[in-house]
Structure formats: C-alpha cells, structure tokens
Amino acid sequence: MAKLWQKNYDLDALIEKFTVGEDYRLDNNIIAADCVASVAHAAMLSKIGILTQKEFEDLKKELIAIINDDAAGKFQIDLHDEDGHTAIENRLVNKTGDAGKKIHTGRSRNDQVIAAVRLYARDYLLELIQAGTALAGTCLAFAEKHKDVPMPGRTHMQIAMPSSVGLWAAAFAEEILDDLTLAFTAYELNDMCPLGSAASYGVPLPLDREMVSDSMGFAKLQNNVLYVNNSRGKMESIILDAAEQMVLTLSKMAQDLILFSMPEFGYWSIPAQLCSGSSIMPQKKNPCGLELIRAKASTVSAAVIHIKGIIKALPTGYNRDFQETKGAFIRGANTALDCVRVMEHTMNRLTVNRENLARGFIPEIYATDRALELVSGGMPFRDAYKEVGLHLDELSNMDPGTVIAAKKHTGATGNLCLNKAQAQLETFEKTLEQKRNRIEQAFKKLLGSRPVLFRSLK
Amino acid sequence: MAKLWQKNYDLDALIEKFTVGEDYRLDNNIIAADCVASVAHAAMLSKIGILTQKEFEDLKKELIAIINDDAAGKFQIDLHDEDGHTAIENRLVNKTGDAGKKIHTGRSRNDQVIAAVRLYARDYLLELIQAGTALAGTCLAFAEKHKDVPMPGRTHMQIAMPSSVGLWAAAFAEEILDDLTLAFTAYELNDMCPLGSAASYGVPLPLDREMVSDSMGFAKLQNNVLYVNNSRGKMESIILDAAEQMVLTLSKMAQDLILFSMPEFGYWSIPAQLCSGSSIMPQKKNPCGLELIRAKASTVSAAVIHIKGIIKALPTGYNRDFQETKGAFIRGANTALDCVRVMEHTMNRLTVNRENLARGFIPEIYATDRALELVSGGMPFRDAYKEVGLHLDELSNMDPGTVIAAKKHTGATGNLCLNKAQAQLETFEKTLEQKRNRIEQAFKKLLGSRPVLFRSLK
Amino acid sequence: MAKLWQKNYDLDALIEKFTVGEDYRLDNNIIAADCVASVAHAAMLSKIGILTQKEFEDLKKELIAIINDDAAGKFQIDLHDEDGHTAIENRLVNKTGDAGKKIHTGRSRNDQVIAAVRLYARDYLLELIQAGTALAGTCLAFAEKHKDVPMPGRTHMQIAMPSSVGLWAAAFAEEILDDLTLAFTAYELNDMCPLGSAASYGVPLPLDREMVSDSMGFAKLQNNVLYVNNSRGKMESIILDAAEQMVLTLSKMAQDLILFSMPEFGYWSIPAQLCSGSSIMPQKKNPCGLELIRAKASTVSAAVIHIKGIIKALPTGYNRDFQETKGAFIRGANTALDCVRVMEHTMNRLTVNRENLARGFIPEIYATDRALELVSGGMPFRDAYKEVGLHLDELSNMDPGTVIAAKKHTGATGNLCLNKAQAQLETFEKTLEQKRNRIEQAFKKLLGSRPVLFRSLK
Amino acid sequence: MAKLWQKNYDLDALIEKFTVGEDYRLDNNIIAADCVASVAHAAMLSKIGILTQKEFEDLKKELIAIINDDAAGKFQIDLHDEDGHTAIENRLVNKTGDAGKKIHTGRSRNDQVIAAVRLYARDYLLELIQAGTALAGTCLAFAEKHKDVPMPGRTHMQIAMPSSVGLWAAAFAEEILDDLTLAFTAYELNDMCPLGSAASYGVPLPLDREMVSDSMGFAKLQNNVLYVNNSRGKMESIILDAAEQMVLTLSKMAQDLILFSMPEFGYWSIPAQLCSGSSIMPQKKNPCGLELIRAKASTVSAAVIHIKGIIKALPTGYNRDFQETKGAFIRGANTALDCVRVMEHTMNRLTVNRENLARGFIPEIYATDRALELVSGGMPFRDAYKEVGLHLDELSNMDPGTVIAAKKHTGATGNLCLNKAQAQLETFEKTLEQKRNRIEQAFKKLLGSRPVLFRSLK
C-alpha cells in the first residue's frame, strides 16, 4: 500500500528499508491501542462536525474489527506501509472511503503514536504493578513462614552477625514496595492524553481535547501541544526508570539465591523443574532463570540509557530519532515484567534447608553480640569492641535462635513488623483496582468492551 | 589518628590509599549531616540508658561545635582517619572521653553514612525543587510575555507550522513541572530514617528507632534493618534519576537556545556578559553556559549509570562497593542543581528578536493551514493534503499573528492555558514550604538551630 | 524435539519460555557458522578416531545440507529445541544416527556458541570494514571535488573562521580511517579459534585444537580453555566498541548534514528520494535517514553498555547471563553496519549549494585573519587580538576563496594532503582482501565452498 | 589575572563559576604537558621567524621553570585564570613581555588542550601498559607455581568439572594480554600531534607542523585541522575503552577472589594487612581492595559513557561541551591504573589453601570424565551422557590430580602452554621500552630533560 505522504516520487529502496526499520513489526504491539485512540478521536471529530454520525459509526465498526483481527493475529503490517498508523488508515480508506480519508483531520502520526504508546504503557504498568504486588506478597508470606529460621548475616560477603531468612525475605518485600511507588508515579505522569497536539503546533479547528482524554479514561489532558512531542521518549524513560529499579532489586535477590544455592552453602534449593541442564555435563542443574534475571537487569538498564541517549539535546518538536525509542521501550518493558513474574514463580517454589543454614554459625558471628554484652556490663562500646577483637579465639557458640530473637527493636530479626509492609501492599492493590476500573468503564462506554492493549512479546 | 577498627597490625599503605580513595575529601560534604544524626542517636542512647544525661550533653555540645567548625571550613579529615565518621568519633573521644567511646553503641558506619547521605540528600532535594520551581516560574513569565510572538515551528528541524515563543517557553514550564513530580517522589522515598539498622542485622538493645526518626523530622522510619543497607546506592540513583530527567529537559532547551542564537536565525540574544570569548578569534561571543548545560546532561546520566552499575547484582548486606557511589552521587547532584540555576539565570536575561523570528515565515509553513481550509470547504483531509502537496508553489504568505491566534483549542498557540501550570507551580511551592518547616521545627528542637546540610561544591 | 540435557523430568513452562527467550529466533543468524565449526570439529574427531571416516562424511554432508537450507530460509528452530545447537544436533541424530550422537564429543554448547559467534563476527567485520573503506573513499572524493568551495567555519556553532567543504569532508575521511584501525584490532582479537575448550575445563581426549583452528582459517588458537569462556561477551563488546566509534563519527556527520540543510543555511541538499514526508504537513521533506543515523549511535552505544553490564563481575566460567549478550551484539552490529552504508549512500547523492555557503561569510569571520595580518606587521599576537576585538565594526569582507587558499600549512584548507588518507585507505583495502582470501581458501578446502556467515537482519 | 579573551566587559559571576567549573583544578594535571607543547610550538615559531631566537630562549626558560614549579606543587591556577593555558600565558607575558604575547600565534586553546591531553595520555598509557604487563607476569608466575593444584571448576557457579588454580590464573594472564593489545592500539591512535590546527581551520602562516610533531617524539602528525578538533573526546574514549576492558577483566578476577575467600570455600587467603575492619564487628577482615576494584569497573565504564554521551551528535568544530570530557577522562584513567596496580599487589600476596580446594571435589564433578570413559569404550557421547545422567548416584571419587593431568590438549589443565603468554608478554615489554626511549630522546633534545607528564591523582 502507499505511504500517507506519498506524492509524485518513490522513496529510495535502501532509505525505505533503513527508515522503516523494525517499525512494521514493532507496531503490532500498538495496533489495538492506536485503534482505541482513533475511535476516541473520530468520536470527537463527529461531535465538532468534521465527520457525520454515519462516517463515525463506519470508522468505529472498522476500527473494532481491526482490534479483533489483531487479537487473532490476523492484522499484518507491510514494509511498504511504513508503520501501523498507515496500515490502519489505508484499511479505513479501503473500507469506508471518505470517512477514512477524514480521520487524520487534526492529528499527525506524531501525536497518534504518542497516544498509542501511552495507552500501551498504561496497560503495561497495570501488569507490572500487579506482578510487583504479587511478588511483594510472596516475599512477605515467605518471610512470615521463615521468620524464625536463623541465617548467617554477612557484610563484604564475610560472616557478620546472626540474621534470619525472614529478615532477608522481608527486606526484598519492602524494597519492591518502594519500587512500586516509583511505578505509580510513572503511571501518574503517563496518564495524560496527548491527542490534539497534531504536529506539535495545534490546528485551527475547535478540537475538544478534553472529550478525547475523558473518553479513554485518562486522568488528565497533556496541555501544551509542543510539550506533547517533547515528552516522547521522556515518558518511556520515566517508566523504564521505575522498571529498572525493580529489576535492580531482583538482580540482588537473584545473586543471593544463586550464591546460597551453591553446594558449599545449600541454604535453599530450587526445584529441578526450574533448572536447565548442560549439553556436556550430565549432572548439572543450573539456576538459569535466576542467572537470566541477573543479566536482564542490564538489559533494562541498557534500554533506559538507549532512550535517554536519543532524547538528550534533541531540538524541540518531532525528530525522526524518536522512532528509535520504540523498540527499546517495548523490549525493556517486557523484559522487566518477565523478570518480576519469573522471580515470583521461583520464590513460590523455593525450599529452605535449615541444617545447611545452621552450619554457617561459626563463633566469630557472635563477636558483636559479645561486645554488646560487655557494654551491658558498663564498658564503653569502643573498649568492648577492642577487647573482643583482640580475643576472637575466646568467642564461643551461642544459640542462633535465641540471638536473633533478642533483637527486638523495630525492623530487627526479633521484630520484623511485617504488618507495615502488608498494609502498604493492600493500599497498592486497592489503588490498582481503582485504576483498572476507571479504564474499564471508559472503554466500555467508548467501545462496548475492554480490549487488552498490552500483550507480552512472543 | 587511628582507624576505628585498628587492632594489632597496620594496613598496607597502597591498600590504605586505594580504599580510602577520595572519601576523606568527599566526606566534608556530609560532616554536618553526620553530626546531626549523631546528636539524634545520642539523645536516644541517653533515653535508653546507655549514655548518662551528662554524657549526652557533652556529646551534643561537641557535635554542634564540629558543625560550626565545618561551616567555617575548619574541620579537616585526614587520609589516616579513613573517613569523616572516624574523624568525628576520634574528636569526640578526644574531647569527651568515655562518652565518645559510647556513641557508636548500636550503630555501624554503614547506617551512619546512610543517615548522613539521606539528610544531605533531603536538603539537596529542597534546593533542587526550589531551583526547579524558580525556573518553571521564569519560563511561565517568559511565555506570558511572548505569547503573541510568532516563531517558526519545526519538525525534523525543517519548517513545519506556525508557532509562538510563548508556546515554546510554556512547553518547558510544563515539562519541568513534571520533572518536579519525580523529584517529590524521590524526596518521599528518601525521607526515611535508616538509623538503628547497625550492620544490617540490628542489635540486642532496646533502640527507640522511632524517636530518632522523629527527632530529625523524617516522615517515617525505614523498617527492615537489612533493607536499610540494601537501599544504599538505590536511593541515590532514584534521586539522580529525577535530577537527570530535569537536565535532559534542560539539554533540549539549551540546544534550542544555542541553535536559534546562531546568526542565521538570531531568534534571541544572550547578553555578552553570559558569553565567553576565544583565545584566538577576537570576535567570538560563545554561549558556553548553554553548551555546558548540554554537556552536563551526560554528566548526570553518567553518574546515574555509575551508581546503578555498582549496585547491580551485589549480594545483600553492606559491601565496600557502596563507597564508590558517594562521589558519583555528590557530583551528579551538584551538577544538576548548577544547571537548573544557570538556565534560570540565562532565561531571565534572554532577549527576543521579533524581526528575525518573522523572517522564518516562508510560504510552505502555511501548507497545513491551507489544507485545513480545504477541509473546512468539505474536502476530506487526505485529499486536501495531496492537493496542497502537489501545488506547493501556489502557497502564499499569511499573517503569522492571525494564524497562531486561530489555534484556539486547549494548549495551542491561541490558548496556552498558562494558568494550569501556574496553579501546579503554586501547589509545589506550598508543599516545599511545608517540608522546609517540618525539618526546621525538628532541628530547632533537637539542636537549637537549623544547620545547612547541603552546600554546593566549590 | 528434546533438549540435549533432557533426562527424566520436564522443564517448567514459564521457565522454559523465559530461559529460551529469543534464542530460538536469534540463532538463525549463526546456524551457518555453527555448521561450519561443526564440520571442522567432526573432521578433527575423525582424525583422532572418535568418528569413522564414514561417520564424518555423513555428518559433513548433512551439515552442508543445513547450511543450504538455512540460506534458503528453510531451517527453523523451535522453542522446544531451546537453541540452534540443539536443533542441529537433533537433525544430525535424526539423519545420521550414532554419528550425530558422537559429534558433541569433546565440546560443549559453550565453546560451540563462542565459535559460531566468532565466525559470524569475523564475516561481519569484513563487511563493516568494507563499508567503512567505501565511506572513507566517498568522503575523500567529495573532498577533492569540493576542496575549493568556501564554507563558514564554526566553533560553538557560531561563525569562527573561513573553511571549506573539502576540509569538512576530508576530516570525516580521516576520522573513519582511524575508526577502521580499531575495527582491524577487533578483527585481530576475534580471529582466535575457541574450540576444544569444552565446558571451560578441557577434556581427557587428544583433541587437535590447532587443526580445527587452521581448518577454519583462524589466525591463531585461543589457548587457555577457561579464558575461552571468560572471553564471551568481551569479544563482542570489543567489536562493538569499534563499531560504536564509527557511528559516533557518523552521528557528528549526520548532525552537520541535518543542521546545514535547514532552509536558513541550505549549504547542501539531500535528494527528495532520500527524504520522507509527513502525514499531516503536505510540504515536508525530512532527512529521516540522517536523523536515524544520529539516533542509532545511541542504539549501538546501548548495545555496548548492555554487554559490558552483563559481564562485569561475573564469576569465571560459563554463566547463563552470557546468553543475554547475543541479541545485543547482533542488533548492535547490524545497526552500525546499516548506518555506515546509508551514510555512504547519502554522501554519494548530496549536492552542494555554493551560493548559500557564500552567504555565511560575514565580516567577523575574517577577524582572526585580520589579527594575523597585524602580526605579520610585527605586532605581538595578543595585542593584535585585542586591537581587532575592540574594533570589530571596522572589519571588512575579504574574498573567501583567497583566504582559504592562503592557509597552506599541512592539513589546512589550502593544503588538504588528501593523498595521505588515500594511501592509508588503499593499505586497508589490501589487508581486507588478504583476510578474505585466507578464509575463502580455508573454507573451500574444508567444505568445497565459501558460505556466507553474516547476513544483515531482515 | 585576566582571561585571554577579556576585552571591555566582565563575565557574569555565576556564569564564570559554572563555565570554569573544576578546570582550574583539573588543569594541574596537564600543566607540564602544556609547557612541553608550548616549547615545541615556540621553537617552531622561532624557526619561521615569528619569534626571535632570544624570545624563544626566554620562553623556553620560563616554561621549564613552570614545569619545575609544577613538579614541586608550586604552580597554582586561579578561578579567574579560567584554565591552565591562561595561567601559563599570563605568567609568560609577565616574565617575558612581548615574547609571551606572541606565543599564542598560530594556535588556539583548542589545539593546545588537545596537545596537552595527548601528551598526558601518552605517558598515562605507558604506565597503564607497564602495570598491565606486571600483572600479567604475576598471574603467569602464580599459574606456574600452582599449575598442579586442583580446584573445582564451575559453570553457573555450580560444580562442573575438575580444574586447577594454574588454569584459573593463566586465563587472566591471557586476558590481560589481549587487553594490552587494545591499549597499544589506543596508544597508536593517540600518538598523533594535533598542533597547528588552531581553531580547527588553520592559519595563514607557514607553520611547520611536522617539526613540532617530531620534536615531541610523536609517531605522526594528525593531518586535517578540523579532524583535530573533532577528535577531542574521541581519543579519550578510545583510551578509556581499552582501560575499561582491563578493569572488566579485573572485576571478574576480583569477584572470584572475594567469592572463594568466603569461609565456606577458603580457597585462598588475603593477608590481614590488605583487609579493612568494621566499626562495629570486632572480627571482620574485609577484602575491601577487591570490592573496590569490582565497584570501580563501573567507575571506568561510567567515564567512558560520559564522554561518548557528550560527543555524540555534536556539530563539527570546537564546542564548549568538550571541556566536560576532561574530568571524566582524568578520573577514569586514574581509576583504571590504580585498580591494575592494586590487583597486582594483591595477587603477589595471595596464599593458596590446598586442603580447602580439595574439599570441593564431590563425586558429581567427575560426571563428564566418566561419560568420556564410556565414549572411550565405544559408546556415542550422547548415549554416554544420558547413561551417566540417569545414574549420578553411582559416581565415585577419582584423584583430582590425576584427572586434571589427563587433560593434555593445548590450553587444558594438563598442558597450560604458559610459554605462549610469556613470549607475548616479553614482546610487549620490548615495545614499551622502545616507545619510552623514543620519547625520552625527543624530550632531551627539546628540553634537556624528560619531565613526567602523568602523575597519579592525589
């Protein structure tokens, strides 16, 4: 099919292949979102008299048909279409005639792709937040179950002080909850409707931008039409910044899980079904899922850096450079979500080996507890510290369970205060539910159904 | 002086120099914060009976003396001190005897440095948010003043559609306000008191962690003692992520300002006092401040990447790797703040040249407006688009002022809706004021004064 | 089909999907390379008596059949195959029976994938170097053609001193030649045969590793079997470091080309066939190819960072993390090559507009030349500089052609010394030819033909 | 003192502080290099008649005096000087009058700073290569000493196959040698004299650029005057790319050293003198040097990214952005060198614990050896693999020493071929010596002595 801008010459073949790049494949991810935004735009054009009611109905019907075709894997974009927006407009023109030729009134592909990515990202964030709350919940349950299981605490990877499996797991629950705070902020910033910005400079038509925004359940309209374009890539990088913090948390967790499942520790076991083997070594059960989570933290980081590198110091207004942010965003976002889900799946199947954990309790682990005993007897801490430090060979074993129970101040092994994280988790779940409902109601009113705008990459 | 952990051997000289690194210089930035946290910790130790009232008073007096010395540039840390925490403890022992030897009861340098950095970062964020709101305000005033000044709008850096200086400036105002949302979220996450985590595993003492947190005006306590250590570097990277979004906004703004002050455009002029000259070319007036803002976006980005690279896949608990985050954070944070201030200073002094702006209005800039005229006459947009595109030589000039005024929908050149950004700005200013007050009240109660915990790098 | 390591349980479905990731698609890029390495390995196994001559012949025949199927797009890897190595072994077992079951003797997938990627990368580098020399040649020809065309020289993007289009183009020719030096070093390091390392620890078999290396035309054997595995990701990042320097050069070149094709400059024109249009603005001809080159510099940079982030601080020996380097490498490498080719294509079609270039010669561009006239009259430079600087309004126009011709020292506008770059270019072309020949001879001996091991991504 | 370009107005104070940044401190690193380049430039100006012989002698004498003052820590640059170049010119004018005012004839600070950084970087690379060869030598000696000490080989951090301490150490020796190949290429590219490019556009004076280049012992002249400026930042990033590969190697080595010195392994011991203690835990001996090496790999990576981020898509010619590359380069370069030295220092003091290493040899480590025994009996490998895999409990212990000795093919545990790396090391040492001599001879001729142009940061 023809490009939208095609006039009286053909684009050079090498340049066509280069500029289209992977867009014609990547855009499969945002076809449904683009159709939803197109229905909203068309409804508004009909209200302001650009489209007749009949034209709007025809467009809406065909756009819903495309959504359905896409869900069934039957909507294909061709290299010569250039991108999904063109493929959609070409089909609309083909099926609805003049209505299709009118739908682009008052918009550009610039604000169209921004709208589609924002809808896609909104549904993505709902999934990410849901997966994150599930993981936090799993960690909290794991912490509750193992709150009394002693575990050698380390600093510098060396033996430090007595700790517990519960403290370890709860630390990650709290960290993930903080990561979710970032995800909610990203959600809030992303939840602005860009449509009506056209090519960044508006149009001399009485577009009702608020109507369009409300009809898709956006929390607000993104006001300044130039800012709309300037925020391309920015919003994607803000979302990935949040996702990156989550995978950084997971990378630490994965490292601990890999490290302490080495046979010399054996603190926990990952079921064989979650491990891969080797092509040459018959005995191997490798924690590949966790290793890949560790590696994929760099994948998400690279995606963030990629996008920020592109937008840095770009002049205002649309520049084709933005196109290159799409693949980075889609891949980075999917990677983060996969990691969260796989970690939750793994944590849910992890078994803890008390005996192996107990073996790490060598006398020196109690050195600080011993020094604090001396403090209780009145010795200044620094003196007690030196006293113990110069007589390490006199340290004797204590009972790990008693020692971890003795740390009773807030947040310590003897007093994890899991209820605090639990309460925050429930608040997050409620907020998530409200956001889902708001969108569902808007979409049902606009389209009669709630299409899924984010699907994991195959 | 001696290291805190020194017992019966000396550290290898090469390793000492390498492991201390620049800490003994960087820690000058957090001496005051460390002293504040030490007073709060000592007050609590006194309450739970580790310190006598007299010991606490002695410590408090000396810690305030150190804060004053530091403010006067008279507190020096030595390479052999290893770091600021040691320098402070050594002085306390020297001046207060046993009280000094007791102050480290129930804490480690790990949670001590986290506390100090968090206090430093909190004051930093107050400054960054203040500078950001000032810049947003300047952009809004600039937009209001130049809302009717036509400016060629561009996409792909080529002539696109009529725009205005007001639209341009307001776009940045709105973007900076969104950046500030991120800064507030970073503030919220940073506003947790870490003290009482000790070496990540708590202590068998009845530490009143809530008292310590409240006494420094923190919004809440960071609960899990292992999470406290796991969040080192994380919090710094979250803050810098927010700061980075701000400098990315500035990099775009700087690029526009540099580009359109080239003599071939001359849209605006930067006063000579803000420009540097050349050592060889007598005529040069170079926009060096703006060029450096453009470059320094990469500086902040690199600092973020630096920190995230360090924390990725580190096992839980303290690892010495964390030390390397300090310089990156301090330098990155300062760089971002400097850039915001310099941009505000520059925008405040920029003059706009209407005639030069008018010269960019060549007939093709009106092509879209012409196509939409045809649409008003009933032609479908895609047909109108092709009609104009095939007869570009028939385009004639219009009046730029009339054309930009005609875009009256929300957020367009004829209807910038500056009041919306203004309202958000005022909300932010109020929130900032409340946060300042909360801290001031806590510090006055704890110390009798409100020491400044963030100072720009010299 | 079954996984190579499959024994008596099935891999969890979520973990399977996550750990296989895109490998089953990405591996299409290295099927041919894997088959070549497998033939070389099998030939050696036959020599040391693990395979009979007949078994070797059967395997060779089938591996060549796979190469041909792959070239015809008919070799598919399935998700359940896990990766291309498994798909190949499964087919070999299927077609050759015991021979297929023996081919993995003395190797692991670890050294197999390293060998395949190295062969792929070697052919890639040949293409990159060829594209780079072509671009350098085009720039040199462009410089020769336009050596007398004056162009305003700039610093800080402001008018600086008279320059020429020839100087501009030749600067890039020289820079690309330096980039090619890095590509040749990357080639040298990559040109080591890894086979025989097995799982990093060798095998108790008399493998003739030198034979394998020579048979594929490698310059040398990579000696230490553990280093083989430790170099995974490393080699890829070294190659991409070289490619990145090339795209950084192109990003600067693209920026100049975009900037000075703005209508306010119009120094050169990009033919319409190389430009894309807008969906809304009928008049647009956008330099999209160049904008994407600018953006894709960040794509290659991100790929480098991605890989380095993965390998940083990984313990020795194979870790599954390495798998995640594959996509980054393949995508980054392809992106860089595409950019070089598109830039060469564009430079070959660029037209220069002398009149527009001449318009930039305002009097102040001659300020330094005037100061140096005063120096010729005996005035110290610093005095001359100030004299001119305080009387800029007295500067008058000179003849640009005369002024640029007057700079006759080496490398200046009047004496570009293009012959030096030309000579280096020819040396590079000869070296490239030698490398191609060496491989061709080895492959013809081993396989009877020279399969193409690198194909651009579709 | 005054700025070089100062005319009839003062620079705004905020802008002055911002644009000068840390230059006035950083430039202390390149004062000596700048003076050397200035003597070379002055000698040439004297030859072409711009300076009298007397003026040249005066300048040379004063420049040598500055070099000596700088070596003694007595040459200070002031904020108002802007940078070191200005501080030097101001002093020359002050001491030599008109000669000082003439020295800037035919150069700009742009090519001056490039020349100084290149000289600094050349001496830096000599140090880095020397430290790298020393480390490679230490690793080779360590490998030779421990070539028969069995060590559990791992993949996925799990027990894989028998290995040796010798194989482990030799792997790093070979990797560092490959890293040094990159450092030599960086040296070659850096070894070009930029002087005579002036502000990128040359000057109408008969500068003898070859004379200047030869007099400083450069291998060649950088020809194109615009390319000189375009290569700012580029050369720095090429050098740091090489240094980064070296620290990435070290990060892996450090991770192994930290990991296997955990008490559960205890493969090796780091002497207490190389370890730091804890402020709270009396027993701690932490491998802080190694942890910081691991962290500092990210520091060097961040410096590379920083510089590449700055130069990406900058228009040609000098832009002030380049200034921001200086700190990143100096800090990144120093960090890498420190890490190499500390690693060499540590490896030299490491003790190996045979008994602890032996404990890791559990039966499953011999699974592959057992499968290959079955292969020797005629069973196809894939069948042997399954046979062993389904009967892992039947595996019995073997003698580790015998098993590692049995891997006799090239590069395996029984045949490390250390002589190959040793030969390459000696070639590198010879090349290094030649490069040192070339510079020493040139400098003695030019200056009568060989000033040190690179000093480690304090």
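Observations
Labels for the chains are A, B, C and D, by order of writing; each one numbers its residues from 1.
Keep this in mind: a residue touches a chain if its C-beta (ideal position, glycine included) is under 8 Å from a C-beta of that chain, and two chains touch if they have at least 3 such contacts.
Quick caveat: nothing in here was measured; it's all calculated off a predicted structure.
Of all chains, the one whose Cα centroid sits at the greatest distance from that of chain D is A. If you compare C-D with A-C, the chain pair joined by more contacting C-beta pairs is C-D.
A separation of 32 Å divides the Cα centre of chain A from that of chain C. The centroid of the Cα atoms in chain C and the matching centroid in chain D are 24 Å apart. For chain A, residues that reach two or more other chains under the stated contact definition are 4-5, 7, 104, 155-157, 160-161, 198-199, 259, 277-278, 280-282, 284, 286, 288, 291, 294, 297-298, 301, 305, 309, 312-313, 319-320, 368, 385-386, 389. Of all residues in chain A, only 155-161, 258-259, 262-265, 277-278, 280-288, 291, 305, 309, 312-313, 360, 362, 364, 367-368, 370-371, 385-386, 388-389, 392, 395 touch chain D in the complex they form.
Touching chain D in their complex are the following residues of chain B: 3-7, 9-12, 14-15, 18-19, 21, 85-86, 104, 107-109, 112, 198-199, 271-274, 276-281, 284, 286, 288-289, 291-292, 294-299, 301-303, 305-306, 309-310, 319-324, 328, 338, 341-342, 345.
Taken in their complex, chain D has these residues touching chain C: 4-5, 7-8, 50, 89, 93, 98, 100-106, 110, 153-157, 160-163, 167-168, 170-175, 178, 181-182, 185, 188-189, 196-210, 221-231, 234, 237-238, 241, 244-245, 248-249, 251-252, 254-256, 259, 294, 297-298, 301, 305, 308-309, 311-320, 368-369, 372, 375, 380-383, 385-386, 389-390, 403, 406-414, 416-417, 420-421.
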